[in-house]
């Protein structure tokens, strides 16, 4: 169906991209305002579009969905007045499934369904790995899909459940779903949160005042609304909050947690707490580990801003090499350009980053970045540094080589476009044209993330499929489309 | 759910309003362009919003839905390029069912459904009188409604049909539907048209070139694209056009036609042909009949522009009293104002009409209007004429008293707001404060519409429920909501 | 300088076009609201853009200028609240001078200037025939022009006047200006109106309540605000209204009035009063004269809607041939299309007009139109009639052949594009392909306009330069650009 | 006159704000594209609006002015195509003079004037301190101002000059102007740059390819277009670039440079070079000096992002106290909200900054910020830190107390709103509620900026009026309005 937005021209497309953030609030006045703030704090998890559904006892369900930043849409009084009531959920999105780069407004969540016992809305972070099969089956049975989103399966499965209330219908639906999901849902009176059995995507619980609760992808969004962080929704848990009380359900069979390690490396905000640990501290510690694993003699440790900053601080601290801002970021960059000129299209990273020439000139520079995906940006940055007179450029990467696509809610290029899928570390070093290139080891990463013994290879503590090729949930739809799993060793 | 448009402030709200026009084309290059032109010619049937779905063998189905006039949206190259292919259907709407005056874009047709054998889109003119019951049943069985439109039932019924092709699924669906419907539908290769068994709403067939066909609510829209008028889709007929061939089906039991007589009086454009007869000529003839039935001595016959014009011409011709433009219409009026000032809100009809004072002064004026609904506009016009110095004002109305609401696709006020439901002709004359007031008789109207013998009361040739209270299809949903049918006499 | 609007694609470009309407009000609460209504009633005089300046004792001068219809902009409360105060003037425009079809917002009037004794705003209807010379001189002396409008000269001349108050500065300025002008102006307390010595463009005075005054291009705009028509501003008169009192000044030397006869034929609204006479009646009378001058045997008199209607009524009445609506106008046409498809570009008049085929078929038709400019539309209409089966088509034109461009505020094509400048009546008849073609004579037109003796050739009562080539004010700028006056006979 | 933008609700209003950036290019294809990139790199100098004027030999001058970020407007092909030619200048603005927070589009530069020898456009960074007097005089003599900007005086003075070419007219004009100005101007063939005799605002020269030149407020904007930094335009110098050649003029009497020291502290981008020195290095050195002047025992040095970062790095390095990101900035904040909800209005700095709670908890924190203006933000940040469990909070400020308003092109609050104008350092410390508060000394700042001997009090090397109250140019307009200079000591 026709797109309603011109294609985006992302200039940071050499990153993996988190696809979604979810947020819900119950038990406060004008809950939608809280959701708007929460989504603003989760904007790094999806910049393409956002939506909010609220419920008011008198005015029923209301919803608004908009392209663009939360701050440009959901701060306006005229819009927020249309979203009254003490209960609301919201979603920010960058598409993974669904029509990429070309989203229609109908692909923007939350999704809403009117059931015989009343309406329900859901917002989903993650990716359903058997969505195609489910969709075929549902269409066969007479469901009409309105979006191209995998998440829509959930609401149709709920609509067809024979259970008499929404939480039970959600259980029915989610037991049929494979993959990674953190879902926030609402009925007229209930706020509901669920994580898949492996707990791949984050979801946390906060309290507001005496009676209020919030559910959020990350703790940083609790801070902005002044909510107190209570705990994480546990892998495989469903929480149902109604009239100020939270009940915990366990709809799925017990499984061992496999939280996404890339949330630690890049996706989550540094001021969030994941698994009881500060993301900032984990990233700083990655820098420390990296300095131990891959020391090099140099004059300056520079982050590639902003995601490389905590690791660079840690690297500098551990190595004793001074930390400096060798690359300056333009604060006025957004993600997309509408109908850009040829020149803008070709500018790439120079629109966003500039070298601090006076600082770099003649120096041996250690550049700390969070990851290497296609390698295109890394090459340009290296060129900019050399052009500015750097004597040596050493790349240190705060994650292992990204050699496999993610099928659990992260936007990754096809495998053949991943530099690490095609090249060894030495080949990548040559390709990038740098004096040295080192990635942190998987064990180093696990240690930095709090696993003192490193990775338990027989039963890894995280999902690290993008590095290891070991997929904790079979990517059924992708295999159907021809994706080949890593050969058993 | 939240409206995406501020409420309209219509200033011609003292009219009944046709709710929809439909148009479809197959077998031409860039069919959507033809549909846009057709919808422009049908704009009088719905000004709130419009939509087009097209299909192209390579690019599949595409759709666009927009608020506002066809000419402001569907003339733009950038939009029309997104609607390629040789097959397209479209819809213009003013809501009857659905959220009145407050339509969300998701209420705008055509509706689209992806079935297991491929997609289909439908556009509906009319109203389903058992939509509430159908909706309840469908929700119970797990369908998720996306709009508040009665027409959405049809596509869900189709989605659940066990038939193996779209036309058969449409038959299944429409056999469950009660009320008035002229539907235009499309699959990847077929253009389909259906009228309900009574043929309440119009639908005509046209040919374009050698291989092309068009379906349209009215013939005037065939003219604009240079299509040749072939014939009407008959009441109870389904036509399926594919690869340049038209096949006729008869899915419903035979019934006697009850075409809407108000299409003759007001809705259809004067340059359309209905039932083999020019609408303009019928209206002129109404004026002739009215002059015979309700002669009065006067100096001038004036239409209330523009809908009263043909009857005024006929009245003048028959009576010999000169015809003149005593009321001038501002050509730059649209239908709605966004966030209007108090003053604009109170201006009412004066924004649209002005008295030609020099012509009116001192004259005895016969004012010919198409109908009296609430009577509010009529009073204001009378005031304007007296204020301009008219010596006498005689209202002659080109339709019988409108005493009953329409449930077949026309936007009528609740019965208690219809002047003729509350007052006799004499009381109305007093209320309006005019020197005389006469409505054409039902028989006179039937004669003007070509029924030389007048109305066949045992089996009327038209649906005239708005005048007679005789509803040819039981208005089930409305009765459920408390509407009382006319007591049997 | 860069345009802010895409070029228009007018589909009635085969008409001469009035360029402007002006309106001002003083002595009422929220004067800008009255001005908005007045401009709405004058919208036929300019559809491209509009502007209002108001003054409030506390908030000073405020202004708003917008592209598009008055009704789409100046009805919104949020905008109108920014225009407070008891004094306001406004302007609607279709450009004559200035950047054609490509207006920048800075070309939209009123123009405002801050003088040492306070600010003043002016709105101008007409055209300055020595604007180029004035502009050159003013630039030489250090004035900076902000628009491409000829009218801006007036405000710069005022800025440089040594007089100590605004009315005297206006006199100074307008004495230097040649051409046609009806100007409405305002200071903090005064509403001012002026007409050029020949009174080419209209300007009338109205009263509102006890203390209020209005100035308007036409009387129809007094009606909409409930103002009482007092009299015309006389040719060469300046009226200054302050504190409820009107003073008349005579800044120019006496001259004989030469009011634009085309205002009678086409520009002004039929419900306006010009020179003490109803425009509608004058046009109806043109039809009467035309029937006398150019009778023909036929079955039907049809107007080309809407401008030909009054003359067609008169023609029918005088000839006894029945009047009918053989051509139906689409009410949903506006003037411009943004970025139209090829197909729309080629549709021309068919987007706006459709033949009432049933009425026309087999008939000998007299088609009454107001004027023939390029002849392109007339040809298309004739084609449409023949295509619908008309037996004969006779054109009767309610104005003499338009053979000369207007330089006094009307948008006319270059002389070589005027059909009547290139062809005799017979040649035009051949070119249009009609059975006969007749224009009203100049004398017939003058008689219809109330001059019982017809045109006084030694001293014509109207400006009829577009028909006669006799220009009452030397078109200095155009002669400088190479325009050749009619050779003396 | 009416604003065209709702008022902004800036949430970083506790900063001084640079008002403008200027950029010009000549001798390249599509110069406006280069200007757009340059302005994007200068966006930190003005976020409210931007404008570009270009000249093409065939298409003459074109211009476009837009509210909002450069990247949202001047990257679109459809707009940039309207700005052809090899010569262009541009401007980004945050208003100082002119209507604050409420700019009309006509206040957006460049300003354009058509002179008798052809057009010229100017873009001005700085502030004219005798603008009111000049404006009065120009109005008295008949100039009409179109904006409320002080900069418009320059173009009117140029229009009235009797000189025969634009550079000479600029000299005439600028010799009458007092205050601070860096001006970029253009004619059809020339690119011109001028700095006031004291060189208060920056302006640099770059080369592009063989024939191209650029003028820019800062060197960082040369980097983005790949231009080579040549040198600064010197205080009191005018450069005229034509046909690939640069000529230097000296229109003003010699004076000693007084470059704005706040450009070093805050305004300029850290990757720019000012006075031959890296801004980043100067700021880092300020941190070093501050650590020496105001040491304190603590666990962590945190910047207030992003402006405090370089000084915090320097402080950490000098003091040996670890550097950490205790405050995290939301990357998706812009400057303004349109019609915000009450809640958004009250959120203040929490929309932009969040505390990294895990890092801060229990720590003694040194917080390094660039300046304290009103103190409102500093208080909120302190509250956030204490709320997160900081044990101690020590503020270290990278500039001396800001006790005087700037009249040379920086947006400062009235003097009574400056915290340092009302309180001593101790009182401020109490007011902010921190454990200690120290500002760098003036001498320390001068040393960090490269003046090894510190400030030469008899003839300071910089303009530091905002700290010292010593105004190098008499602020004539402000004194007229009642501003009182510092009493002589």
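Order of writing sets the labels: A, B, C and D. Residues in every chain begin at 1.
The rule is short, and it goes like this: a residue touches a chain if its C-beta (ideal position, glycine included) is under 8 Å from a C-beta of that chain, and two chains touch if they have at least 3 such contacts.
To keep track of the chains, here are their UniProt names: A, B, C, D = Amidophosphoribosyltransferase.
This is a predicted model, so every value here is computed, not measured.
Measuring from the averaged C-alpha position of chain B to that of chain C gives a distance of 36 Å. Between chain A and chain B the centroid-to-centroid distance comes to 50 Å (mean Cα coordinates, whole Å).
Centres computed as Cα averages put chain A at a distance of 62 Å from chain C.
Shared interface positions of chain A, i.e. residues touching 2 or more other chains, are not present.
If touching chains are joined by edges, the resulting network of the protein chains shown is one closed cycle, each chain touching exactly two neighbours. Which chains touch which is summed up as A-B, A-D, B-C, C-D. By the touch rule above, chain A contacts chain B in their complex via residues 1-3, 61-64, 82-83, 105-106, 112-116, 136, 139-146, 155-156, 159-161. Touching chain C in their complex are the following residues of chain B: 30, 33, 37, 40-41, 43-44, 47, 69-72, 75-78, 80, 220, 223-224, 269-271, 273, 277-278, 280-281, 284, 306, 309-310, 313, 317, 322-325, 328, 330-334, 337-344, 347, 350-351, 354-359.
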